[in-house]
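Take a look at the structures below.
Consider the two complexes below, in which chain A is the common component and chain B and chain C are the respective partners.
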Partner chain A sequence: MNNSLLDSRRPSSEPESRVSAPQRHAKPFNLTRWVGATLVIFWLLVAIFGPMLAPHPVGALVADKIYSGASAAFPLGTDYLGRDMLSRILTGARYTVGLALIAALLSSLIGASLGMLAALAPRWLDESVSRLNDALISIPSKMLALVMVSAFGASIPLLILTAVISYAPGAFRISRSLAANIATLEYVQVARTRGEGKLYIAAVEVLPNMFHPVLTDMGMRFVFIVLLLSGMSFLGLGVQPPMADLGSLVRENIGGLSQGALAVIGPALAIGTLTIGANLLIDSLSANRGQQGE
Partner chain B sequence: MNNSIFKIVLGRLSSGVSTLLIVSLVIFAITALLPGDAAQQILGQFATPEQVAALRIQLGLDQPAPLRYLSWLGGLLSGDLGQSVSNAMPVSELMAGRLPNSLLLAGITTVIAVPIALLLGIASAMCRDRLLDRILNVCTLSMVAVPEFLVATLAVLIFAVHLGWLPALSYVSTVEGVGDFIRIYAMPVLTLCAVLVAQMARMTRAAIINQLDSPYIEMARLKGIGPLRRVLNHALPNALGPIANAVALSLSYLLGGVIIVETIFNYPGIAGLMVDAVANRDLALVQACAMLFCAAYLVLVLIADLCAILSNPRLRHQ
Partner chain C sequence: MLGESLEVRDLCVTAITPDGDEIEIVKQVGFSIAQGEVLALIGESGSGKTTIALSLLGYARRGCRIAGGSIRLGDSSILDLPPAALRNLRGHRVAYIAQSAAASFNPSKRLMDQVIEGALRHGVMSRREAEAKAVELFRELALPDPEGIGSRYPHQVSGGQLQRLMAAMALITDPALVILDEPTTALDVTTQIEVLRAFKRVVRERGTTAIYVSHDLAVVAQMADRVLVLNGGETQEQGEIEQILDRPNHPYTKSLLEAARPEQQLSPPPLERGDELLRIDDLQVGYGTRDAQGIPAKVVLDDIMLRLESGQALGVIGESGSGKSTLAMAVAGLAAHSRGEVVFNGQALSATLRGRTPDQFRRIQMVFQSADNALNPAHSIERILTRPLRTYFKLDAEERRRRVRELMDLVKLPHSLLSRRPGELSGGQKQRVNLARALAAKPDLLLCDEVTSALDTVVGAAILELLVELRSKLGVSLLFISHDISTVRALCDDVMVLYKGDCVESGSCASVISSPQHPYTQRLIGSVPELRRGWLESQPSFASLEQDCVA
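Up next is the complex of A and B:
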């Protein structure tokens, strides 16, 4: 029997994130959580089933009129070539959500495992890895993405790699300090005295107790990565045609902006609702956790 | 006592410089790792081997990478940023032409955003957990997650298409009088402010609430001091350091934000120059712009750190 597995104590002080630290409420305002959860689940379902539900083929020129408004045949209007916007958004969402999910998962996985190992590693190794990590953090993500694309060209594996290099260092920093906090607690010291190895301590004693904060952090990283990748696509330096994520859709149709075309607003609002939803959900969850911990 | 603070500041400065060095190494490594060869890339597939070899020597690509890094670094320090291949102009000249525009845009945005953000942050800290605070919380929380091009397209839609007050695109060359100035800068600044204000207001609120939770504020309340005086006279002076820290950190958002905003409004700034350079694979220009942005980011973070250190008497008197 290992009692420490049942110990659900969490670190009392969470490291501050530099961007929009989650704040505590006296009473969690549950409406925001439901709004957030609904939006996130909606976009996840669209990413999974969207392409099957698309009424028209994605690349087909189906309408005579370009930049048309909403109609029964084309609920979200048509784009700059006369393609159905609804079908294009349903398909584009899969790229936006899918790429960001993969990149966020990889960043957190790599960042968290390296961070945990650094916290338990010998001091010199920990310090040199952390120093390199600090330097990587101080390259703004868009800047790194622009440099990467200028050197290697835009491709989907490169975009994912760029997002991971940009956002794994943040995950590393947070999980390293979480793990360092946990490593000083009694039950870890007991395990150490018991003669357990480092890997055992990392996997059985430390990891279960930092799982929730790391998960919350991954949610934030997902939002940042969606913004980064759709920003790059908007600049024409992200997902390349014939594939199109939501950012590319805004770029393609930007010519219709002066007419107030639905084809520009639609995909831009789609990204906005996804990221706002995710942010509201994460904030209400972490506010609630902060309260439980008190 | 002054000696120790001098030491801390000096330590921060030197760690900032060493971080910048590592950053320059990372940027150089990425652009030097090119699978093919920059010369081949520039000349295209149909170049003769002699042409490629000649350009390689001209670009200094025949030298080993560490040597090229050192000469590039030396060039950066002495202001010689190399030649832009796509514009056939020195990089430094190109950047000098665009930099003032970007600084002006960032400056105007800062002057407008900071007071609004401080006001919102203080207001929501004072009304903590009441209706105003909750509404502001949801609004700022949503704004920080919104992509710049959504704000920009909505702004164009409302102010240029429906109301017809403003032109959809920015052209700095045609400024004549204050009216033109406002018409040109209104939308880029509005777009940048939207996210910046939200982020700064959240951090300001957190900084003040942190103070409001401390014992000396409870003491002030027990003495019977009203809420407004408690915040303005007691909490605010102590929160100035954290707030300055928050402002400097939030301003670093501008470095990413201008990239989208300058592109969408055709604003002739340095970020637009960089995006074009990336599309043309003009590596010397990309490297120089990236170093400029990274240095600016590091300076802002350094200022934020120094504000936090200098305003904390415990750190000062160690």
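Up next is the complex of A and C:
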């Protein structure tokens, strides 16, 4: 809304007047965004390079003492079998981050494509896709995951599939309503009266203008999927040994909880910092866009 | 309580830019108003007039700050008041009437509760007294059913009534100062005249000091005693209304006055008329499900007949809800007609987009009202202008580049804008791009839907001039849709008046405007404020005409 105020300081006849992007207040340094971005980037790097940096092989029984505290040899202590926790977290992060990222990407891709299709397609197609979607969205995600795993066994592709079935419908809803709003705008009407096809309208006129909110939504879905997968692993139904993700690390070492073992606190903190970091980053990005909105 | 005098000295308001710089948006503005006087703040959008009005409440919008100066109302200095005293001042001694009443009322509360809320909040009177006072104000403001209207909800009354209800809300505490911020801008002219009349009466009778913020000099001429002309946050000129209207000193004031008095006919005398380009026969358009006879649930346009020859400009005029935009949509193929026929260049057009040929798409181009929404914010100007060239013509890249630059010259925009996005352009520039895109198709018929109404007077006048020039240069036909009779008069040869979906009058512009036959047309033309004092008083009330029009 300050836009008009700032803009008008120049006469409107002046051809060079460049309207600066409006913002409500100056932000030379945005703490939330930096904290969020640092945490997210840290965990992405761990997921990529972690296994290479691990000081010990992931399954090796290297210590005499179980549930030991931090020491020079084992900075994050040891687990219930005397394995090095640092190595296990460095290796396990890849499964948590990688699976969740793939599942979130797929959910948003499928959700956004179907959402645009539904918004621009004839009514009957919109109705049938939307009702099917409503049916899917009404199934609780944990229940669906439990049923899927008990029916087909826990494997990595199945976990991804389960996460996508659980979270694509939400992405569809958001994309559909975004696309439906954009489709009524005048530049889309102009494209229609120009005789443009549906595909052009979807890809060129609509998609670029819903890209940012869809991206934000994908970030949120990533967080949900991390929590879903960690929860599944905690129940012993997620990633199976000898592989271990952060959730299964918490479960394995749950016996050490009464002793306050680092082995259970470490992976729990890892899940916490990853999800909180992603949340902070998304919040700061979407708040910033909100300011540029008007 | 009677009005109190107001004195503003060296008022400065600053805003913070995205880069963190602080810039002045109101610079050293000073004025004083005697008790019971009405001062108008006039300027284009962004001239700082609303910012000044809000600072009189001791308020600055987010990101803005009142950086200096003093505001004295009666014997209190507003800018030095502590927050608690400011809260006590707002809505009690100083009241604010905003532009959009529809956005200012809570849709889920009854009108009466909202009108008296301020009085109860400040503990000025009991609920019973406040309600009695409100009913009295409703009567003074000429609202229908003063006793009963308070029990309705905002959506149950019309826009003009809601605006008057907001005035009642502001006046309930007998404020010393009333700020009216563009209170009639969102209204139709026929509604505006009644609202202005009501405002003027209550302000005069109560002796309230008032600030009237507007961009419309003709409205200000009816309401104000004195005028302060603003541009870019600076005072350009200040004086009595008569002096500003008759003997403006500052060049900016002169340019405002010029834009407010469009020449009678900008357009050259009708060109040699060509063949019939567009014919509409017995058209009916509506929304909703169709019944057994094929008549839609809500008929928006009915029995429309129209003939447009190539090179001709036809103005379609009417107030909001008259179906004028629907007419353009029907020709463009965005709204399907349920009866009748649209014949373009000798061929009947399909009712929907589906049955139209690429050539028909090319030859009919629509220019929408709001350039903000009509240009895709994600695309550069070059891309926006290139697309129709790609769609309609087989050109190589070099020819397209050249043609895009020709188009920019045609609408008088510098080529340097081509790499920009719409968000980086001013309103007038966006509207020019919007026109250029339509012209890229080399259309025979241009459907212009309220193309100047979202723009400031001066910018709108320039767009109008451009349209006149394009018309004579390119020989394109225009279907020009507007609510503003003066723009239609300036541009069009013929005019058609729509009222509630029916065509009530049509004919050549000169004859319809000089001697309107239908009572609605008379009312429409008679409601356009004239740039002279005393016009409002000289106009008869049209309340009785309402019945004639309906009948």
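What we mean here is this: the second predicted complex is superposed on the first by the 265 of 294 C-alpha atoms of A that agree within 3 Å, B and C clash if a C-alpha of one lies under 4 Å from a C-alpha of the other, contacts with A are read in each partner's own complex, and residues count from 1 in each chain.
Keep this in mind: a residue touches a chain if its C-beta (ideal position, glycine included) is under 8 Å from a C-beta of that chain, and two chains touch if they have at least 3 such contacts.
The structure presented is a predicted model; accordingly, all values stated were derived computationally and were not measured.
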Review point. After lining up the shared chain so the two structures overlap, which partner does A:75 touch, if you call chain B first and chain C second: first, second, both or neither?
Key: neither
Comparing chain B and chain C in the superposed model, the one touching more of chain A is B
Checklist entry - So, does A:197 touch the first partner chain B, the second partner chain C, both, or neither? => result neither
- prompt: Which partner does A:57 reach: the first (chain B), the second (chain C), both, or neither?
  reply: neither
Going by the contact rule set out at the top, does A:279 touch chain B (first), chain C (second), both, or neither? first
Note to self: Looking at A:205, would you say it contacts chain B, chain C, both, or neither? Reply first, second, both or neither.
What the structure shows: second
Practice problem: Determine, under the contact definition given at the top, whether A:186 touches first (chain B), second (chain C), both, or neither. | Solution: second
Dual-contact residues of chain A, meaning touching chain B and chain C, are 18-21, 23, 25-27
Chain B partner, complex, touching residues on chain A are 18-21, 23, 25-27, 29, 32, 131-132, 134-136, 138-143, 146-152, 223, 227, 230-231, 234-237, 247, 250, 254, 257-260, 264-265, 268-269, 271-272, 275-276, 278-280, 283
Chain A residues touching chain C in their complex are 1-2, 4-13, 15-28, 185-187, 189-190, 192-196, 204-205, 208-209
Listed in rising order, chain B residues that touch chain A in their complex are 19, 22-23, 26-27, 30-31, 33-35, 129, 134, 137-138, 141-142, 144-150, 153-154, 156-157, 160-162, 168, 199, 202-203, 205-206, 209, 249, 252, 255-256, 259-260, 263-264, 274-275, 277-279, 281-283, 286-287, 290, 293-294, 297-298, 301
Listed in rising order, chain C residues that touch chain A in their complex are 15-20, 23, 25, 44-48, 51, 61-64, 232-233, 332-334, 353, 356, 358, 361-362, 364-366, 368-370, 373-379, 387-388, 391, 413-414, 416-417, 420, 423-429, 437, 441, 456, 458-459, 462
